[in-house]
Amino acid sequence: MTINKIFNSCDEAVADIFDGATVMIGGFGSYGGLPINLIVALSKQGAKALTIIANMGGVGYELSHRIKPGGYQDSGILFENGQVRKFIGSVPALGGMPPTSPLERLFNEGKVEIEMVPQGTLAERLRGGAGGLGGFYTPVGVGTTVEEGKEKKVINGREYILELPLTADFALIKAHKADAVGNLVYRQTARCFNPVMAMAAKTTIVEVDEMVPTGRLDPEVIVTPHIYVNRIVEVPA
Amino acid sequence: MTINKIFNSCDEAVADIFDGATVMIGGFGSYGGLPINLIVALSKQGAKALTIIANMGGVGYELSHRIKPGGYQDSGILFENGQVRKFIGSVPALGGMPPTSPLERLFNEGKVEIEMVPQGTLAERLRGGAGGLGGFYTPVGVGTTVEEGKEKKVINGREYILELPLTADFALIKAHKADAVGNLVYRQTARCFNPVMAMAAKTTIVEVDEMVPTGRLDPEVIVTPHIYVNRIVEVPA
Amino acid sequence: MKDRLDEQTIALRAAREFTDGSVVNLGYGMPGLCANLIPGDRTVFFQSENGMLGYGILATDEEKDYELINASDQPVTPLPGMCFFDSAAAFDMIRGGHIDIVVLGAYQVSETGGLANWGRPGRPATGMGGGMDLAVGAKKVIVTMLHTTKDGGPRIVGNCTYPLTARRCVSLIITDLAVMEVTENGLVLKEIAPGWTVPEVQALTEADIKPAEDLKEIEL
Amino acid sequence: MKDRLDEQTIALRAAREFTDGSVVNLGYGMPGLCANLIPGDRTVFFQSENGMLGYGILATDEEKDYELINASDQPVTPLPGMCFFDSAAAFDMIRGGHIDIVVLGAYQVSETGGLANWGRPGRPATGMGGGMDLAVGAKKVIVTMLHTTKDGGPRIVGNCTYPLTARRCVSLIITDLAVMEVTENGLVLKEIAPGWTVPEVQALTEADIKPAEDLKEIEL
């Protein structure tokens, strides 16, 4: 096959992310499963007016030391840089942290929009986007602020709200190993939101701890089939 | 833990399936992944007026020789026995076979009801049942007989139909290996409809080629987590 | 009577549509033959709705493993880089637009690309399987079929009279007589079987067909 | 001032609710402590919404692996029989009713079991995470919380004034003063902290509480 998905650097892999793009960022929120090197590359690349879809908004480098000794970069850097117009996710800011994460600060200053989504609804909206559904009815959020502006329906005596699918121009995700065609496996809880985002974006860019030859991954254990992966960068852990 | 999921025989494992129960039958249709021993046990047990949810309706022992030398039992035996009131699935009868499968014969005689569901919609209705959704909108079936009697909605300019989730009293499924708590792995294309049915039924009964000690299955490769498995019978292949 | 293409040749012509790196699903019957007919210079990833991606050619009798089958119940062979998943994941791929090409059989195709390939008179219990999902979800739908019924009647029609699989879904029709593109302006005859003329093919086709400017003989 | 239970003791009381073989999800904060406090005669399977089932106690500093964390960012330890999956599968379990018990923190609980545990005045950007899904999906919702606010105000109220997580979802409330069941007839006081009287607890509770006929001291 003439198609080569392997990129030499994160910088090259994110080079064409354009102003106004919608970008999913994998992981769960903190260190495990977060595509840190791709996030940093995107912060250097400088694309503006992005819509970021991620479970959490990131705490920023300073606060990250409370989660992991030594700290780490997360999507906070994209907010600090003023690259983001809108955030869609379930935990824009952590209630347990003081109100000084980059996203929370910018939101309070009216500079970023937030669409708050219950976490399971976020996961399902991503799966809906990946799987070509028009939407789905969930009981989650009924009677809360989440139902505002949404269609409600009673099905078999229970109340549900209609939630719509999410797709994106790009997904930045983190996996443990990739083979040369792009099949992916993850490591422990670093799997989290990465597989569904890989499926839901037009162009999926993955950073992996290790590349292995095609055929080395057991076909029974591949989590993300290669057709969902467009670009791979090896960043040894 | 005092709960023991391991049963000594398929007969014991299906003993409490009651008249009028809804029973999912895993596999895809033909030999691979079909819980043959549980099906035969259910045919001996004799429960009546069942609703069967399965991808295919089975061809019956006689025609099965065309698919696999030596033949095999499939859900055909449940129809032959007059145990079934209704079938829900995507391929009640194979167009490529002469019209003599047990289900097709009984349907033509007006003795069994059929609810025809596109295969992807079947898979998604099972997932919806497993995941507590109220329903979902799919573009599949628009403009065909499948949309009859269903709500239609235009979302972002595309037409969709509303499909409702499926659940069942029991699922009979086939896996390759189980550990003692009930985690399951499958083998190659014998995975198919088994994992989603395991998730969607109140009581899931599995026949496996091999039992292994808990801890022997790699936690990264378990396909069906044990909370979806209620009863296990080892039937060496 | 003039020669018509045999099933093997129709499948070979269909396989020429598979671009390098494409993800292809093969429907029940004649389309399954394409698995063994990929042009040598290309890598094609075959997807099967029972939950498999990247399988190889059909298995010989010695190789047969009934837990390694495609959705048409045919044992196939493994290839490096292949993977397995459940049926729900298989249809996320299909319905979500991640399949580049599907090759399907048909009872009828209409001039607007409507497809009827699962139900026929007298067999109300035969089902659509994954055909509706594939017809709606794949980026390109190719139909391989015989041009006429056993009685010589047309299968390429103004409107399908058999139960529909999906409206306006077929892009390319490959028969034992012709290769036709479904366009906004109707059916365009791109290639024709050796020795056949446009009026002869039109006579066996209910829908109007327009010869393409570059109409040529079917090439393999 | 009289003694109130500390967080460790509240968590210990909550862990006594975990029946043998139950599947339990632990929310952010105090509920996380329960992982280390399972009664010795029981097997409990802890589920975490980032995609893990069957993890063990919290990891020591030497054991910490930041790719083996619960949904509260705490590194945990592996156990035989555990497994990993993605977040969508995690919420199929949760929303689909496959979690027996969830223990959640709360800002407020109402007398009808309404729960407010994610938003509070002045922090409009803090989100609900998986709390709404857990409150709606788990078979039994246990809340562990301090009985009153820092200023001594009630947290167990007639109607929640903070943003709701879900209506009518809480079954059992465990505080530093009391264990209360949410029933069709309102809050029933089942257990009370040593040395406290019913009127004293009622005075710190906005909602009416009815002492159970078998009201007893909190036992551990």
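A, B, C and D are the chain letters, set down in written order, and residue numbers restart from 1 in every chain.
The working rule: contacts are C-beta pairs under 8 Å (C-beta built on N, C-alpha and C of every residue); 3 or more make two chains touch, one makes a residue touch a chain.
Since the structure is predicted, the reported quantities are computational estimates derived from the model, not experimental observations.
Asker: Starting at subunit C, find the fewest moves between touching chains needed to arrive at subunit D.
Answerer: The fewest touching-chain steps linking subunit C to subunit D number 2.
Asker: Go ahead and note the Å separation of the Cα centroids belonging to subunit A and subunit D.
Answerer: Each chain reduced to its C-alpha mean, subunit A and subunit D end up 28 Å apart.
Asker: Taking the mean of the CA coordinates per chain, how far is subunit A from subunit C in Å?
Answerer: For subunit A versus subunit C, the centre distance works out to 37 Å.
Asker: If you average the CA atoms of subunit A and of subunit B, how far apart do the two points sit, in angstrom?
Answerer: Their C-alpha centroids are separated by 34 Å.
Asker: Using the touch definition from the top, which residues of subunit B touch two or more other chains?
Answerer: Residues 124, 127, 131-133, 138-139, 186-188, 219-220 of subunit B each touch two or more of the other chains.
Asker: Would you please write down the residue numbers of subunit C that are in contact with two or more other chains?
Answerer: 84-85, 91, 95, 137
Asker: Looking at the whole structure, which two-chain pairs count as touching?
Answerer: Pairwise, the chains that meet the contact rule are A-B, A-C, A-D, B-C, B-D.
Asker: Flag every residue of subunit A that touches subunit D in the complex, lowest number first.
Answerer: Interface residues on the subunit A side: 28-33, 55-57, 67-68, 89-96, 99, 103-104, 107-108, 114, 116, 118-121, 123-124, 126-127, 138-146, 186-196, 223.
Asker: Please name which positions on subunit B make contact with subunit D in the complex.
Answerer: The contact residues of subunit B facing subunit D are 1-3, 127, 129-133, 179-181, 183, 199, 214-215, 217, 219-220, 222, 225-228.
Asker: Which residues of subunit D touch subunit B once you look at their complex with the stated criterion?
Answerer: Counting only subunit D, the residues touching subunit B are 20-21, 23, 42-43, 45, 47, 53-54, 78, 80-85, 91-93, 95-98, 137.
Asker: Which of the residues in subunit C come into contact with subunit B in the complex?
Answerer: Residues 28-29, 48-52, 65-71, 73, 84-88, 90-91, 94-95, 118, 120, 122-133, 136-137, 163-167 of subunit C touch subunit B in their complex.
Asker: Under the definition above, what is the set of subunit B residues touching subunit A in their complex?
Answerer: Residues of subunit B touching subunit A: 124, 128, 131-139, 153, 155-156, 158, 160, 164, 185-188, 218-221.
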